[in-house]
Amino acid sequence: MIYITRRETFNAAHRLYRKEWSDEENLKVFGACSNPKWHGHNYTLYVTVKGAVDEQTGFLVNLKKLSEIINDKIISKIDHKNINLEVDFMKDKLASTENLAIAIWDELYPEVKNLGALLHEVKVFETEKNYVSYYG
Amino acid sequence: MIYITRRETFNAAHRLYRKEWSDEENLKVFGACSNPKWHGHNYTLYVTVKGAVDEQTGFLVNLKKLSEIINDKIISKIDHKNINLEVDFMKDKLASTENLAIAIWDELYPEVKNLGALLHEVKVFETEKNYVSYYG
Amino acid sequence: MIYITRRETFNAAHRLYRKEWSDEENLKVFGACSNPKWHGHNYTLYVTVKGAVDEQTGFLVNLKKLSEIINDKIISKIDHKNINLEVDFMKDKLASTENLAIAIWDELYPEVKNLGALLHEVKVFETEKNYVSYYG
Amino acid sequence: MIYITRRETFNAAHRLYRKEWSDEENLKVFGACSNPKWHGHNYTLYVTVKGAVDEQTGFLVNLKKLSEIINDKIISKIDHKNINLEVDFMKDKLASTENLAIAIWDELYPEVKNLGALLHEVKVFETEKNYVSYYG
Amino acid sequence: MIYITRRETFNAAHRLYRKEWSDEENLKVFGACSNPKWHGHNYTLYVTVKGAVDEQTGFLVNLKKLSEIINDKIISKIDHKNINLEVDFMKDKLASTENLAIAIWDELYPEVKNLGALLHEVKVFETEKNYVSYYG
Amino acid sequence: MIYITRRETFNAAHRLYRKEWSDEENLKVFGACSNPKWHGHNYTLYVTVKGAVDEQTGFLVNLKKLSEIINDKIISKIDHKNINLEVDFMKDKLASTENLAIAIWDELYPEVKNLGALLHEVKVFETEKNYVSYYG
């Protein structure tokens, strides 16, 4: 069993809030992250897959194909977008880093299986000071 | 003459566009950065000041005071904000990194002078792949 | 189960030595790290906690509260201090990175539990070339 | 049980290809990495070992000795070399990052055991965008 | 006058040597970098251009176009290549980082002028421990 | 004219204070940096030299020799040391990053001249948030 990780980046706007709460309640729970006029981040995404090394190629998976999948399923939908308003896989979800990591996992899991590997970890950095990991 | 640099960070949403242009024209010139629903970044700001070393303290300036000025004049106004809609020193300006660096210079120049030093450079990273420097 | 990590930094002086050993014996075992006049580091601390995502907030824990705990229990006691002489949770312990990681774990474990999560990992970088991880 | 990690770097040339395949077949599977005239990387290697903390020293292992082992068994043989042509532990192996991580594991495992610890992870970064981890 | 910098990366093999010298003489002057079987690096390239901000766009130059130029003139010719054998703009030149920075400058200078800006600096990192800057 | 930069690191303890001042006065001016029991840092040093490229070697200077000079004149004297008590070139000087950069310049200037180049910049990072540059 071996593990290979691909790093990708995207930029997006978001807001943490519950629409059934007032701005004051949202501010109390989510602080500056609840700004109704949005803020944003340079997100960094690490996708780790695991499996056996193919004896013919010396590869676990073809990294170029893994990168294409991540770009097709995630980056092209979220980069330079508003996570709350424009990203199908985050629809009706609170735009926290935790929920983002889980949603990215759900998008990538079947695709990685088609590549002949297993998704192991989705890690999302929101800033250089915090990141979330999800293992399914 | 010696130079000392302080690094600070902030997160913000923005959009590159001219309101007198259509969305199509904005898209043509600004690409994905003109998304009407916003996107955002983790910006990194480096402020360099220059001057003589104080013989009593061994300091060019007190870095804690320099950091307070940057936080008071810049970070507190832009962090977790929408640059186009909420930041006084960017009002009526195109929210490019170039204009942001120039506006931060204009805010900080007199304050640094009051500290007894000269502002030398304002450097703003928008992503890990591009940054702007302004020297006045 | 999801994992969230917070990064904090602190600067401190320390010395690796056993007081019942001579300076020569300490030098033989600990090398330059046993310098009786101290040396120091910029330490980087990563604290990872795990648990379930709260459906109301989309959070595992409130990161601001996690950061306050780390600052209150660890950073405020060790930053700009001498680890051997001034840090209560390192009293009578050899000031190695291994012992530091274990002591930080012991300080944070009950506090993280009060937040409604479980401490998963304490990782301490002493330099860019070496770090220690402890999982309890 | 505690984990300590040492970071080392090396530069090398390599080529991904199977000699029984034509250049066209190799290009199809390995892309630009199959360039017959070689290309190269700054590799970064993280070696993690695990075990109990020695009460006398506060150390899991003496990091200087761990570094010497990594330099003696790995870095001195691969740094500034051609991985396909000159590195004994990669002889007759496809020079993928996966195979490199496994081969480094096999070289280091008995040596780390002699130090009184267990090898836990070999992680190899080929570029800033991808890395492989192997746990035996 | 404002300065904007774009970061790009490429991987390549190279060898430092003079063909009219013996391997021993090359080894004496260039050390391990003269290995006749090649070694390689992950190079990082920073290209800084300067000029006035366009009032209509808020841009010095369109960064996407600058990136396309760098990719067209430099990256596509050197990435995953052997610098000594395959890169037209390094033909008959010693493959040092100094010469590489100068050659990249010469390739980019007229192209940047066509964009309406002036090339200010070409900076090339060969490893994380050394880089070269050239200002024409 | 070309510029080449070498990066080196060292760890040290220090204290900012004037001995003719009381601990209270020192605390007022220097804050936590005046802790009488010391604190410390992982310093990063960038040394930039300038000159013409040698046509025979393609080098401005032999980087290995530049590194040896930096290690001989600076690193070997300050690494794992107490800057206030043990470093000859900081004797009787306030141990600020400003004074450190100037003192390193004074040590290296004649040595770099002997190598056939000119010292251009000494840059010292005290933490990831601040650094000092000195150009003579």
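Each chain gets a letter, A, B, C, D, E and F, in the order it is written, and its residues are counted from 1.
In the analysis below, a contact is a pair of C-beta atoms (placed from the backbone, for glycine too) under 8 Å apart; a residue touches a chain by one contact, two chains touch by 3 or more.
Given the structure is predicted, the values throughout are model-derived calculations rather than measurements.
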Option in D-E, C-F or A-D whose residue-number contact pairs overlap A-C by over half: A-D
Comparison of A-B and E-F (more C-beta pairs in contact): A-B
Computed distance of Cα centres, chain E from chain B, in Å: 29
CA centroid of chain A to CA centroid of chain F, Å: 42
Contacts with 2+ other chains: residues of chain D: 128
Chain-to-chain touches, reported pairwise for every pair that qualifies: A-B, A-C, A-D, B-E, B-F, C-D, C-F, D-E, E-F
Residues of chain B touching chain A in the complex: 9, 11-14, 32-33, 35, 37-42, 79-82, 85-86, 127-128
Residue ranges of chain F touching chain B (in the complex, touch as defined): 16, 18, 29-31, 93-99, 101-102, 128-135
In the complex, chain B residues that touch chain F: 1-8, 48, 53, 56-60, 62-64
